[in-house]
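Going by the order they are written in, the chains are A, B, C and D; count residues from 1 in each one.
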């Protein structure tokens, strides 16, 4: 039992979270994947199992404190110690400032930032006594730059980055590797395929980020030796202008 | 009536907000100052009046959408057009990540960021049809850097900065000057005097920011000609290390 | 004699340097203006004198150490103590990396950076014993971001910014205000008028920076009280996208 | 012959450059290593050969254009196409601004920046027709922040970073991966061992960067798939405060 170790991926409903879970499962990590409702995670769980890995799906509302507390407790008690935690919930919306409702502004922050705080805090709590662990927050260009129409989304992403930085400065010296990524470009997902066919058309020339490439980067961050850790890693396609 | 113009200062309960109100009142702006309860604003209002200015105090919870909507409506209808809006609510708390409660994390964001969103949106709404105005958000070092113990405060401040940037990119081309300050250092307040006597002791050598100096900087930002606007202005004492 | 104080403007051949000299001359500073050959500075000197100010033109190659040493010595001995020094030499060239010759790369650095180092060091030397002074370096967007075609120019500008930052951290606690500006946008000059008529056409709508507005910003930086100094100030037209 | 590929490491005299050469040699790259005089490189060459790799040492003054041109030509003609180029020359000196001589300021720039420009340009020239390659520049904390005493060093490092950014924006769309690292912390070298015994004492607890860990990071940058490239990678020990 002592060798078992889990990766928790909050927000595994999209292609990126799924690819990260698969990548770590391939290395022997037990993938604990969540989204609001568990049933949509079945194909991912089956795929990991078919590849010889172990996976568990959880329906859990990441914005609810009790749900996050209970999720982490359940995994630690029934499955395995959480060695790696990945926060991967986005909430990309676009509204002019005068058309941004208080409800939208609050909701985007709850999904893309507050949930990250809950995951970060709860997993830090179980990692600290073990003096070991990796916590990665997924960011975007909006994490580092505000833009017309993105007051809500950039606000949540900036706050998540501040969380990652604050946690890193506190937890690195306790041997917990807190990292943040800045994904700059479209990711190859069903949603992009449908809504942005021009972006998707760059796929043949690798002009769109593949979830597997992102997953590989997360794996490399996790396996960095602690004398040379990265905090922030930016990833963008070779064709992307920036 | 056409010459009358107001400055709205949200969070005028501290020394900085008060100094800003006084500085603009000296230039003929009608100071509309708020904090949660209006009565504590009376000394400020009286001081402005004694100096020959006009001032109005409002008790208003900046975190409540209806309160902000009604505040802006009242001033526009009964007092004067809001030419300048300043957001000045802080919420500097320090907790390790595991000791940051969900309540604190949420509350700090509500006070230091969500209120700013409400003020920014509501004042933008009245400025846009006039094609004119200045909106300034007060930031701090935590706006640009996370730090151990500051997950909540830095999160709110980063999000506020993202709001200011997003609004600037949208509203500058509509002749509304959105700006953000980064105040880096202690400010000469009652609170610092009491809690950080060593910081306060630097006052004689001007090693602590005077609210009047900050107010002067805000006035200068407001009067910049539009062919040479600043978005972000950092202010720190000459003795401060950074 | 004790009230006399000089401003040294290195690179006053263009509109910006000239406007800065005029602005400070209006406040009683003796304008000491330089460019490679002094004769082209005569119109500026005459204009300042016609406005009731005092001005002196120097032909001086800012890239030559002995020339800079001698310039500062001459002003200090024969004219007045240098209270303010402004570095304003640009060298905006654009070449793809493979077409950037070693000569161009070196020359751009010499003009836009090494000269700034010489001015900064020599004026710091005379200001330090007096414990007083302001040194401002003019930057551009290329100071903070590299871009295709700008390896040489961005290199020099980044290095100048590093100089300004390093000097600020060393000299602020000695009461010398070292500042850096980031001018983001076209400036209204003869050169823009001729080469970029579309940029120039924005002038009526103040979509192009006026040298006088930049000069005003420099004046405001200089007169900041030392409890609230800015190090970096960005200036851009309201219409500029960023 | 078609499978043969070289890595060029400019500045392989220190531990980091040597470790990078060894890491890539282990993957089949022919290590072409340089420093001012070739003889000191013999132990490195022998070590790589003993491990079954191929290595060639060159004495070459990286600051001389003809030397760099000839070096790249020689390798391309006699050894193998340069697939990877790494610039690794530092020049960390510390002087107060008034004690920084023009000679030191110029020299530090020549070593730590101008040489990098020459390497970058010459290797880009041979990579462009092949539409393939990786160019990595080694940076430091001084690449992103000026500091008291570091006007010369930070200037060169900032300029090198501007070069890397400008080259990346130009060459990424041509399938050449230009990257920059920010090494933040002491590296385990003979020099640190001798001059900073307290830094060195952290070695047991991995509080000092190991050249092998840095080399591994460079290898990972090189093998990133082009749909998810990093431009800037920061590396620092878990114990380092930042």
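Operating definition for what follows: a residue touches a chain if its C-beta (ideal position, glycine included) is under 8 Å from a C-beta of that chain, and two chains touch if they have at least 3 such contacts.
Keep in mind it's a predicted model, so treat the numbers as computed, not measured.
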{"item": "Touching both chain C and chain D (chains)", "value": "none"}
{"item": "Copies chain A and chain D touch via same or different residues, half shared test", "value": "same"}
{"item": "Centroid distance [mean C-alpha coordinates] between chain D and chain A, Å", "value": "32"}
{"item": "Inter-centroid spacing, chain D versus chain B (mean Cα positions, whole Å)", "value": "46"}
{"item": "Overlap residues in chain A, where contacts from two or more other chains coincide", "value": "169"}
{"item": "Overall pattern in which the protein chains touch one another (line/ring/star/complete/other)", "value": "ring"}
{"item": "Of chain D, residues touching chain A in the complex", "value": "169, 172-173, 175, 177, 206-210, 213-214, 216-217, 220, 224-242"}
{"item": "Complex contacts: residues of chain C adjacent to chain D", "value": "65, 96-98, 100, 102, 105-106, 109, 113-114, 117-118, 120-121, 124-125, 128, 142, 145-151, 154-171"}
